[in-house]
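Chain nomenclature is as follows: A, B and C, assigned in order of appearance, with residue numbering initiated at 1 for each chain independently.
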Amino acid sequence: MAPLIVLFTDFGLEGPYTGQVKTVLHRLAPGVPIVDLFADLPPAKPRPAAYLLAAYSVWFSPGTVFLTVVDPGVGGERAAVIVDADDRWYVGPDNGLFELVMRRAAHARLWEISARPEAISASFHGRDLFAPAAGQLARGDAPAGQPRPEGIASRPDWPDDLSEIVYIDRFGNAITGLRSALIPDRARLAVAGRVLARRRVFSDVPPDEAFWYENSNGLAEIAVNGGGVDAALGLAVGTPVAILP
Amino acid sequence: MAPLIVLFTDFGLEGPYTGQVKTVLHRLAPGVPIVDLFADLPPAKPRPAAYLLAAYSVWFSPGTVFLTVVDPGVGGERAAVIVDADDRWYVGPDNGLFELVMRRAAHARLWEISARPEAISASFHGRDLFAPAAGQLARGDAPAGQPRPEGIASRPDWPDDLSEIVYIDRFGNAITGLRSALIPDRARLAVAGRVLARRRVFSDVPPDEAFWYENSNGLAEIAVNGGGVDAALGLAVGTPVAILP
Amino acid sequence: MAPLIVLFTDFGLEGPYTGQVKTVLHRLAPGVPIVDLFADLPPAKPRPAAYLLAAYSVWFSPGTVFLTVVDPGVGGERAAVIVDADDRWYVGPDNGLFELVMRRAAHARLWEISARPEAISASFHGRDLFAPAAGQLARGDAPAGQPRPEGIASRPDWPDDLSEIVYIDRFGNAITGLRSALIPDRARLAVAGRVLARRRVFSDVPPDEAFWYENSNGLAEIAVNGGGVDAALGLAVGTPVAILP
């Protein structure tokens, strides 16, 4: 496949951050398309982002380079890493973001980026460290780092699926960290004092009814037909969800 | 003209939807520029979107491919269609989105997309069905569907112009579904208990005065110099507007 | 360096404005990457934008073309100009936006765009006048205008640094118009009744502590570790800031 760079960050699109990152990428990997997958990840929270990344990245072709930055520890001790998981590349801070991607991969390798560019800011490694590493991968360079043994997980304490809301989308639908393939068809989800049945799509549901369904990337998602669950049910990132079999 | 793909959706830019759509388009039509025209159409409301599409799409060159998705009926019975109207292409759900484009076109043809890809999600036809069809058109393929007789309108009951607010922009200006060329110069617009005169541009108007003007795509638009009409007048998508001659 | 077009506007990304501007640019300068640096500048306020532009544009390579539009006077008397400052190009309205860029440049030249395209709207010169001029520069044309003597500043009354909040970012951090290189290391900033010390990065600061630091483009920025200063301190664009030595 032709290479592609995918941005997965909490930077926002309208402010100054994503534009500077893309400038670095255009310079290092001219002609490689850059796609914004998420720019509005829950700010400074690597854990929900890790479950979204594992669910959404597998839809992309092998060879895709993910620039993955949710980085509350920027400027501190956390390492900078490159991951190859099932032939997709991931670049970002070593704070758990890649935990689920690596755990679910058939094969995974990890490099630590130890060199630092001369001109590196204290607070914007997305632009000064991670984007250069991603641009180099996208143009075909070998990963710029030292290999670490496989299987080193930074957050082995995190569960395989996360029983929480990890993202609220533009329509007010609430995505959970639960893969719906692991949930029995007739199971219900309990959230915010409500018990919700599974439906296939919105058009199967009467107006204003709350339900859950398998979203287009395989996660269990909570929705209200014709409205947002954030308003209707008071859900937010971090709200717990339980499976009732 | 070189081809161009224009996105006209309610998907938002920051969440996961537009990025996945663009990934499909880059793969099928490499090198064709993709432009975000609207990503924040009123969610799940094809009617206001239909008047915006008719007003905004004619500014683009012949050959442009519009990927047009406001799709509350996804996964249900509504058909998927391709429209050629005055040599511009439109791809999306058959729910009225193309009603005004077709009605105003000198010539229009319509195809129904009846084949379904093997890997199609229940809820994201923008990515799985419409983007592939748009990408194929953008690279020069013939429309992938069965011709339907010309002139079949799905919403013949919708008026030629819509006397309502159809969109509130970032500045808080309220765009109506009325073509200003059809409104007499001295006519006033009545909205939310106010009667507004026509002005040419903001810089002709004293601060805080509400007025209407012909916007840069030919629609009547309501504004307040130095503020938003959404806040100042309490307007929202769907608020009725009347022409006082 | 390969050419690059950078957008610096108050147009927003999701509505219709940025997409139309990019369409013009793709047509005139095919293949030249377009980057969104700011699309959410404080609406209709050239003064804070001028300090942001001077701080952020110098990070970009010579040859970059900045399409710079914050234009409350559109359709009125204000001139349209092209600036060459230290080999970067700037196109936009002559309302002070380029005041600080020119004042800080080692060399600067200015042209006035006096010709008007036949099809020009009254309210969207970003699309109809400035984007064509920027596209022509990006493809290598000479500036389309009449030279004005160097050094003509439109707003000589504006200070060299602005002791105000000029932008609140997605994380709720407040960027000032003060270059931190001019502020003594031990100086504190007074804002909204608080006195804040300087820190290096977020990860050096206890949770919920407010501080200031040099951001990744050299401006003094006010932040709260783990939250937004807009909420915590009640800051907004225009809030005054004082340096306490």
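Rule of thumb we're sticking to: a residue touches a chain if its C-beta (ideal position, glycine included) is under 8 Å from a C-beta of that chain, and two chains touch if they have at least 3 such contacts.
Because the structure is a prediction, the values reported are computed rather than measured.
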> Rotation angle for the CA superposition of chain A on chain B, to the nearest 5°?
Replying inline: 120
> Taking all residue numbers at the chain A/chain C interface, are over half used by both copies (same) or under half (different)?
Replying inline: different
>> What's the distance between the Cα centroids of chain A and chain C, rounded to whole Å?
In response: 31
> Which chain A residues reach two or more other chains?
Replying inline: 12-13
> Hey, which residues of chain B end up touching chain A in the complex?
Replying inline: 10-20, 22-23, 26-27, 30, 40, 43-44, 72-77, 121-124, 127-128
> What does chain C use to touch chain A in their complex?
Replying inline: 1-2, 4, 6-7, 12-13, 33, 35-40, 56, 59-61, 167, 169-171, 200-204, 213-217, 226
